[in-house]
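Two complexes come next, and they have one chain in common, chain A, joined by chain B in the first and chain C in the second.
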Partner chain A sequence: MDVAEIIAHHILDHDWGVSLAGFHLPITTHTVTLLSVSLVLLLGLAWIARMGQKSRAGRLLTTLSETYVSFIRDGIVLPNMGQEGRQMLPYFCTLFLFVLCVALAGLIPNMKTATANISVTAALALCSGGLILYCGLKFHGPIGFLKGFIPSGTPGWLVPLIFPLEVVSMIIKVCVLAIRLFANMLSGHMVLICLLLIIFVVGQMHIAAGAGALLPAMGLEIFMTCLELLVAFLQAYVFTLLTSIFAGSVIHTH
Partner chain B sequence: MEDLLKPDYGVLVLTVCNFLLLVYLLKKFAWNLIIGGLEKREQQIANDKKQAQDARAAAETLKRELDEKLAQISDEAAKKVAEAVKIGETQKEQILSAAKEQSERLLEQAKTQIEAEKNKALADVRGEIARTAVLAASKVVAQQMSEESAKSVVDRVLEEIKAK
Partner chain C sequence: MALGPFSTRDHLEITTLGTEFAVSEIICAGAGYWLDQRFGTSPWLLVAGAVAGFALGLYQVIRGAGKMTKKNAILEKVEKEDGRR
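This part shows the complex of A and B:
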């Protein structure tokens, strides 16, 4: 029994994509999960927004969605970005829900946590980086945005040193967004599969030992699944919060 | 396992496109409506709150005015009561004074009347006594004395009676 192979099989993406005229279309378990989550979110929220007031359940969901928007607006966007963040509110509402739902989708059988893929988290971080760049250019213009990388009061001779450092610092912040989400989601799933594998590894020694390990391992598995639920919410919140903080730091410079 | 950290650019591009498209579509078909509804409701709540605050302020102003009026009315009523009590006291004094005067006058009249009656009675008694005395004397004198001596005796008797 190759434990490493089993873990890798569980964690890694499986590509059965097609290549058309030299272009590879990545149809993988993660992209299918992403697309499914996107479709469900799109149809569900569009239904809530348009048809919500016509039924009791719809009104309940509308109230829920408005509460969610209030939470994102008053808890994340406005405190960190100020009134300028209002126009970016749809981005943050989508970001939180997307990261959360993709993480939760991993708990559904035959689906995988796409945010345990570095390419997916890098893509989300890239979008957040693009938003930060957009905010900087929109509110300060190209020159003002670049000036924002130089802290006020910096001596002139330090500018050539500080400027690249600040630029790299911002790039690293964005990269860390991707790595943090990826690492948290991956580690949780690795722990889950490892706990399950305890049963089979011990069971290989003796069938009775495997049966004995069943209950403790399943208890730990349930505990870790609950922890994964918490981590999913926490990481969605952290990713959204940090994006808003970085964007806010660009809008409201020193 | 080393594939874990190997980026798949196809997945990356697809995720970026998928996410940005999702942001755009959700903004167009969901968030704008939900945010619009939320802001409309918040505006309505803010308006209602402002109206309630205005109404409360108006009610408080009205209450203050009514309290002032009530206090004014209470003062006026107290003044009027005090005035009425004062007038009552004055009238009471006047009535008592008039009654006292009248009683004194009546008493005086009664005394005068009693004195007059008494004098009259005394005069009557004197006249009667005089007549009786004269009658008696005349009878005695008719038998024993001359008319002049009889008269002197009568006069003396009358003097003595007066002296008594």
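This part shows the complex of A and C:
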């Protein structure tokens, strides 16, 4: 049994795309997960909006969605971005729900966590970077946005040194957003498969040892799955919160 | 939930500092390595990149800590004025 190959198979993306006239359409497990989550969210939320206040279920779901939006607005956007953040609220609502649902979809058998792929998290971080740039340009204009990178009270001769450092710092902050989400999701799933593999690795030594390892390994597996549930919520919260903090720091520069 | 003199937001920023340090080091050293391969100057640009990355990481940590200290000093002053401390 090649343990490394099994772990790699569990973690990595699988391409079963089609090639048409030299053009390759990469249909991978991650893209399927992303598209299905997007479709479910789009149709599901549209359905909730259409249900309205007519039925009891509609009222319940509408109340739930309103509570969710209030949580994002009062818990994340307004404290970090102020009133200026109100216009960006739809982006944060979408971001939180999307990151959360993609992470939760990874816990469904036969589906994969697409956020355990650096390309997906990099794309999400790029969107957040775009929003930060947009906020800076919208509220301060191009010159004011660039001026905001220089901390107040910096002596004139230090500006040529501090300015590039601050610009690179902001770019790195956006990169950190991507890497943090990717690393958390990837590590969680690696731990899950490794715990499961303990049974087989120990079982190869002796079948009785494998049977003995079954209960503790399964206990740990259930514990880690619960932890993954928590991590899914936590990482969606952290990603949204950090985006709002960075956007807020661009809006309120000093 | 806030622990000690720091808010939840401060905690989040503190945990980000470590990753920021690592990422700035990796990005700068990676850029140095790539330039080395391109111009055949191995290993000088890699070393320069690693040093620059370390400096950048350190700058971020110091600036992040300074920002938090400044914010807490302002908070303390306001609380003293209000008679909460």
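What we mean here is this: the second predicted complex is superposed on the first by the 247 of 254 C-alpha atoms of A that agree within 3 Å, B and C clash if a C-alpha of one lies under 4 Å from a C-alpha of the other, contacts with A are read in each partner's own complex, and residues count from 1 in each chain.
One rule holds for everything that comes next: a contact is a pair of C-beta atoms (placed from the backbone, for glycine too) under 8 Å apart; a residue touches a chain by one contact, two chains touch by 3 or more.
All figures in this text were calculated on a predicted structure; none of them were measured in a lab.
**Student:** Which partner chains sit in contact with A:S65 here, chain B, chain C, both or neither? Use first/second/both/neither.
**Tutor:** It touches chain B, and chain C stays clear.
**Student:** More residues of chain A are touched by which chain, chain B or chain C?
**Tutor:** Of chain B and chain C, the partner in contact with more residues of chain A is B.
**Student:** Based on the superposed arrangement, let me know which partner A:L242 touches: chain B (first), chain C (second), both, or neither?
**Tutor:** In the superposed model, A:L242 contacts chain C only, not chain B.
**Student:** Quick check on the superposed pair: does A:S187 touch chain B, chain C, both, or neither? Answer first, second, both or neither.
**Tutor:** Neither chain B nor chain C is touched by A:S187.
**Student:** Between chain B (first) and chain C (second), which does A:C175 come into contact with in this model arrangement: first, second, both, or neither?
**Tutor:** So A:C175 only meets chain C here.
**Student:** Output check: A:T225 vs chain B and chain C. Expected answer is one of first, second, both, neither. What do you get?
**Tutor:** neither
**Student:** Considering only the touch criterion stated at the top, classify A:N80 as touching first (chain B), second (chain C), both, or neither.
**Tutor:** second
**Student:** After lining up the shared chain so the two structures overlap, which partner does A:T31 touch, if you call chain B first and chain C second: first, second, both or neither?
**Tutor:** first
**Student:** Going by the contact rule set out at the top, does A:S119 touch chain B (first), chain C (second), both, or neither?
**Tutor:** It touches chain B, and chain C stays clear.
**Student:** Please report the chain A residues shared by its interface with chain B and its interface with chain C.
**Tutor:** none
**Student:** Under the stated contact criterion, what part of chain A meets chain C in this complex?
**Tutor:** Counting only chain A, the residues touching chain C are 79-80, 151, 165, 168-169, 172-173, 175-176, 179-180, 238, 241-242, 245.
**Student:** Looking at the complex, which residues from chain C come into contact with chain A?
**Tutor:** Residues in contact with chain A: 9, 12-13, 16, 19-20, 23-24, 27, 56, 59-60, 63.
**Student:** Tell me, which parts of chain B touch chain A in their complex?
**Tutor:** These residues of chain B touch chain A: 1, 3-16, 18-23, 25-27, 29-35, 37-38, 41.
**Student:** If you look only at chain A, which of its residues touch chain B in the complex?
**Tutor:** Residues 4, 7-8, 11-13, 15, 17, 24-26, 28, 30-31, 34-35, 38, 41-42, 45-46, 48-50, 62, 65-66, 69-70, 89-91, 93-95, 98, 114, 117-120, 122-124, 126-127, 186.
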